[in-house]
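In what follows, subunit A forms one complex with subunit B and a second complex with subunit C.
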Partner chain A sequence: MRLFIVLTVLIAVVFSVHTQAQEKKVDLGEVHGNFDLRGQFYNPDSAIGAPEVPEKFLFNGFANINYHKGNFYAGLRYESYQNVLLGFAPEYQGNGITNRFVQYNDGQLDITVGNFYEQFGNGQILRAYYEPSLGIDNSIDGARFKYNIHGIYLKAVIGQQRWYFEQSPGIVRGGDIEFQLNEILKDRMPKKTRVSFGFSAVSKYQEDNNVDLTLPENVLAYGGRMQVKYKKWMLRGEYTYKYNDPNADNGYIYKEGQMLQLTASYNRKGFGVTVSAHTLDNMFFRSDRNNSSQFQDMFINYIPALTKQHTYNLMATLYPYATQPRGEIAFQGDVIYKIKKGTALGGKYGTTVNVNYSYAANLDTTNLNDVDSIGQARQGYTSNLFKIGERANGSTDQYFGDFNIEISRKLNKTFKLRAVYQNLLYRRELLEGKPGVGNVYANVGVLDLLTKLNRKSSIRTELQGLFTNQDKGDWATFLVEYTYAPHWFVSVMDQWNYGNDIEDEQFHFPIASVGYIKEATRITLSYGRQREGIFCVGGVCRVVPASNGLTVSITSSF
Partner chain B sequence: MIRLTFTLLLTVICFVANAQEDGWAIPHVSIQNIDFENFNTSEIDNDGKPIIISFWATWCSPCKRELNTIAEEYDEWIEETGVKLIAVSIDDSRNVDKVPTYVNGQAWDYEVYLDPNGEFKRAMNVNNVPHTFLLNGNKEVVWQHNSYSPGDEEELLELTRKVSNGEAIH
Partner chain C sequence: MMKKLLWILNLFLVTGVFTSCDEVDDPYEHLDEFITDTGDSRFNDTVMNDANLSSRVILIEDFTGHKCPNCPAATDLGKQLVDDNPGQVFVVAVHNSGNFSEPDSDPDGKFQADYETEAGENLRVEFQIASFPAGLIDRQEWNNSFRVGMGQWENNVNTKLQNPDYMELNFRVNSTNIYNTDSRILRVVPNVTALDSESGEIYFVVYILENGIVSPQEDSRFPDSTPIKDYIHNHLLRASFPLDDIGTKIFENPSSGDQYMTEFQSMDELRFELKPEWAAQNCEVAYVIYNRTSKEVLHFETMPLMNSGG
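Our next item is the complex of A and B:
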């Protein structure tokens, strides 16, 4: 009987707590967020060019707190740089709330005031985005209105972009409309056909306070896009035009900007092909015309490279390509094919083959020599968007080329093997800003073997080699990574510049890491030498300087 | 008496389990389906059965390793738990055109969405990929995990089984 009473009381308590919890949820909404803390102790290492850091220890950290109740959303972000890690813009200094917003969104009507991120079409004339690992946040602080009805999607934005702990001097205004014909016409559309198209316009205002030049205070850019899907075929295209926008990037010339991008693809189960091309001229578009920072400050638009994004470090960080907004023509083809399992070539589990080719070159341009009395060019040059430029010696003005093939195969329950080959051409004088330096031609090979020891533990080994007669010569990378699911990993890696012509500079870059993961929390410790290299996420890259020391990082979502 | 006590005890367990399993609702954000058309995350549904939302990218090796590993057993996962896996690509306009190519090339049976400007990624507080969420039958997040090591998929399957059976997962 006593047990019965205890249980009854227990039920009453549990029930009331449960009800309260539910009521609380209904009444108070949800709070979630994440944080990312990263600190590094630096050892000076003059051999590899790692500088002495006076603070010895540097730190970047941020936390996002988001609140959500029904159709109401609000959030803020706090950032702290004590002082900022090497490789990030020095303007990140101190602490503060760098993002805050309130939003009402019922799925049809969406209104935001405060900081927001947005993209029109491909981002050719507007993309505000957040990539903290690269130090990029060009959010717009202002107001955004979005509305959709029966397949017509409207967006309007106005505001100033974030510039570290300050704001851009220019104001960004923009609008976008998209029509999804299948949603508008429903059954009246032909079967297996999907069509949508859209238009966008962006204008920036910045006061003209230049004493020598008469500058346009309002600069308009506009564009149109369309996509058609028929059965397994897809065609997408976007064209944008930007009025003259003299700025620090283009040498204050009064030339218009243009960009055209086309993509065609064919996809069925086990096989896919994508072919893309873009051509562009003078597409620098920032909300401060006087800023030409290498850290992508206040860019309104976004033009990524049309090349494969590699993940193995010798391919990804030694000679990667970055788009040239000044002008380029680029092509890319990507094919993926899964050889069926149970066939002679496919093996027991099937084999995946991925082939990719990309090419980027300068446009054909003609200098106008139209320099005026104060030494300022007016138009600067004329260009042909559909012709590849030539160098003075008659060869094509190629910036980059990359052919690569990747084969992945599960051999049996224990082994998974991946082999990658790459051949690349890299225009070093342009991409590293070193006039007169010759191209790099390199062959790269990677073998990646995953060995599953038992249900929880596995070992992954990588062997990479980069072979070239230019720049610093040959490189090798060796990596061993042991993971014990679901919590632990340990890895040891060494990059070795064994082929450097200067024997004293045949450096090793060893680094060891250990990490602990619990659900959405991850703690990592690593110690060793970090080679100077280029670190990319999505379409943008950041130069990471050489360093030597201990890095601690903690990330968590809740 | 014993039967009554037993029934009451079960009720308590159910309540505690229920209270613990109270997850949180996913935010409603406009992203794109694999045909590059607007899609609102409020439409994510699996008829009261569990849902896995996995954030990935074509340039993320561990993400692809995780999704390719699950793909080999996905039929069995569905049969056993009724789960639906939703793969959200955070590839931006550099790589987004290659997402349908990759998904078809690997013959994935997942529901795939595109989040090229990170709208859903930010709303779900994802720091980096791979990041996996497990949702219960009420479409509430009851568990999340960052990164992937071979073998992690077994923990995910185990938890999905529990959610599918209405058990507490903690």
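Our next item is the complex of A and C:
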């Protein structure tokens, strides 16, 4: 109740200031923000495994309100979970201001106190970010200093991470320095060459209150990175090392953690190729060593995924890959080529071809059997960062493989076609935590046809098929989406598990949606069945449980 | 100036981060704090005697043996006396009876268990117990002999019970027993208060008794004279310390109110390591306070070895 009053007063004051500013033409600053409200009525549907929801209706909502005047910034976020939607951590319960900050930023000096988000390098040892669709907010509540001068960028952070409506028991401290050689050396650098490199270090502190083990209270991770661009070429790499960090994720072993990532790319008009690889071992890094929640609680670092993020639902939500901080070798190759228009292959408007392959496997490891008895070193295992592991039967210890090709072509002024093929290997045993369950080998095909009816309206149809002999067998998806620009869209979709070996479980998952968009406000209503699936953003995933009901979503920004 | 200060501040923070790391070579280093010469203290099971005795407990030390055919009858009699006089009589089975208590030398023999104790043997010799079953009752003479035949047990006990002066408590014991389930070391920290004046040297000795031991026992009451295979031995004397039956001297000619106290981890703390084959959860600890001059047992009380045992 007290929070509600505070929020109401704050909003009233902010709008009052805004109104007065308009009346008197005095610059009192600007207020911006956004709302995101999502609610769902749940119908019981035991056939598809949708649990009964005692509340019938669940709700997630948040609002960001930010104030800005000159070099001064301030903001807060209010969140409400009544109760939290299925699939999110149950610790999200209740209401409260979960983020508030004040910031001074003059372009050179940037000081923030309160909650902030930050990333060092590509996030291997520190990435505090907010992803409400995954229920992730590992913001740091504390202080951040950023300063740059003549191409040298320095950052220092200290604070505690958010843990739902509480805070992590650990303290995170970090520093990062980056040198942009082009800014430092200016004209002395060769033209068309851009070089930068940086170093970062993060240390966490958590009290050792474990009666069984002597735990390191301060755990340090550090790393270095470099990026070179020359004309159309780019090469980027980062290496990070983490000292002993026994935690619930790794079974309280004292082994070090390491990660190396390399990316190279070449891009010119109509053609681009990117090759990425990373290898990592024991890179669980949370500010609470005793937390091993599936909901990504209090992760200090972030392991970027090396798989393509698909958008078609059978490719995106049935068998997506989540990066494995325990250890993996992964690589990805991506080629995009636009066949010129006016050629036999390219047609009148040109044709774009995107070929992508990603692969992830376990490291080669040797178990040391040194964690069972008192007096042992608890190193857990040894690993070779540059060798792919083998399974007991001698086969490669592969986690995931995804070959896909996407061809897009505008056929004429009315039709635009996109065709996608995917060949997939998915290690279900590991990625879904189901011991003894075999791999899924699947082929997926998608046809996506956009038909422009007139200047304002269009119809998009999708036909998807996933073909596999494993798990629940074959699936098909059919979607029709009608858009009447700029305000309305209506869609109907059905997913059908027609290939399920159990005939009684060959379910349909129909869902209909209607949406209205006006300027920055979007209202969506959906009704139907939601299949159990996995929703991923950037290699971080959450399980979306099966459900049946009406979903209401309102988003707006101002 | 401001910018320089910020640089210094940033560098200071970054330096702080780099130096904030603890490398642990021994994951179990902290256990050293807990491990003493009596074991890992996290495995300690502490029992404080809270019997709060209201009267003296008469001790019958029943000299018996698993090959003694007439002894089970004495055991049963002793149990009857205990049951008839709850909290006032206790029987300890002392398996020292010469040939009757020796284990079989033949490895295929039925009586492999060795229940003899050094303390029991010393007592048997000292009190000249040569025929069985026989008992010492508070180690007091009865008809000019310390040895009391089982036929006299009831009479002896009843005589004592009917004497209020005799049944008065002579000592109050507030002690702590710490048994380490990992090292199997029992530590006894006695705190004894004299409630009456005594003349002579007063000694304190600890008995470890085990209950529920199942092993063969001869019993003449069964005509076919085959041993009872699953006879249950209770209150069997496993050990006595310190110095076997002798114990430690706590008073000399004490007056009422005199106290004997021991500190934790001190030299006076009494320690004993239980043998692996003894079931600690079935064991009892007994305090015996006796007058070394007159030999009389002046105080006896028991408690479980472990909180969940007995």
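Here is the rule we use: the second predicted complex is superposed on the first by the 524 of 558 C-alpha atoms of A that agree within 3 Å, B and C clash if a C-alpha of one lies under 4 Å from a C-alpha of the other, contacts with A are read in each partner's own complex, and residues count from 1 in each chain.
In this text, a residue touches a chain if its C-beta (ideal position, glycine included) is under 8 Å from a C-beta of that chain, and two chains touch if they have at least 3 such contacts.
Just so you know, these numbers come straight off a predicted model, no measurement behind them.
With the two complexes overlaid on their shared chain, look at subunit A and say whether subunit B and subunit C clash or fit.
They fit side by side.
Considering only the touch criterion stated at the top, classify A:Y205 as touching first (subunit B), second (subunit C), both, or neither.
second
Quick one: classify A:L154 as touching subunit B (first), subunit C (second), both or neither.
second
Looking at A:F489, would you say it contacts subunit B, subunit C, both, or neither? Reply first, second, both or neither.
A:F489: touches subunit B, not subunit C.
Applying the document's definition of touch, where does A:I374 land relative to subunit B and subunit C: first, second, both, or neither?
Only subunit C; A:I374 stays clear of subunit B.
Please indicate which partner A:F41 is in contact with in the superposed arrangement: first for subunit B, second for subunit C, both, or neither.
neither
If we overlay the two complexes on their shared chain A, which of subunit B and subunit C does A:F331 touch? Say first, second, both or neither.
Neither partner.
Return first, second, both or neither, reflecting whether A:P216 touches subunit B, subunit C, both chains, or no partner chain.
second
If you stack the two complexes on chain A, which partner ends up touching A:F197: first (subunit B), second (subunit C), both, or neither?
neither
Minimum C-alpha distance between subunit B and subunit C after superposition, to be given in whole Å.
It comes out at 19 Å between the closest C-alpha atoms.
Which positions of subunit A sit in both the subunit B and the subunit C interface?
In the superposed arrangement, which is not itself an observed complex, subunit A uses no residue for both subunit B and subunit C.
Quick one: which bits of subunit A touch subunit B in the complex? Just the residue numbers, please.
It comes out as residues 1, 3-4, 7-8, 10-11, 14-15, 17-18, 21-22, 25, 30, 32-34, 36, 64, 66, 68, 71, 73, 105, 107, 110, 117-119, 122-123, 127, 129-130, 133, 146, 148, 153, 178, 180, 182-183, 194, 196, 227, 229, 234, 236, 263, 265, 267-274, 276, 302, 304-306, 309-311, 334, 336-338, 349, 352, 354, 450, 452, 455-458, 483-486, 489, 517, 519-522, 538-539, 555-558.
Which residues of subunit A touch subunit C in their complex?
The touching residues are 109, 145, 147, 149, 154-156, 158, 173-175, 177, 201-203, 205, 208, 211, 213-220, 222, 243-244, 246, 252, 254, 374-378.
For subunit B, which residues are in contact with subunit A within the complex?
Residues 1, 4-5, 8-9, 11-12, 15-16, 18-19, 22, 24-25, 27-30, 35-38, 40, 42, 57-61, 65, 72, 90-95, 97-98, 100-107, 116-119, 122-128, 131, 143-147, 149-152, 154-155 of subunit B touch subunit A in their complex.
Which part of subunit C faces subunit A closely enough to touch in the complex?
3, 6-7, 9-10, 13-14, 16-18, 20-24, 26-31, 42
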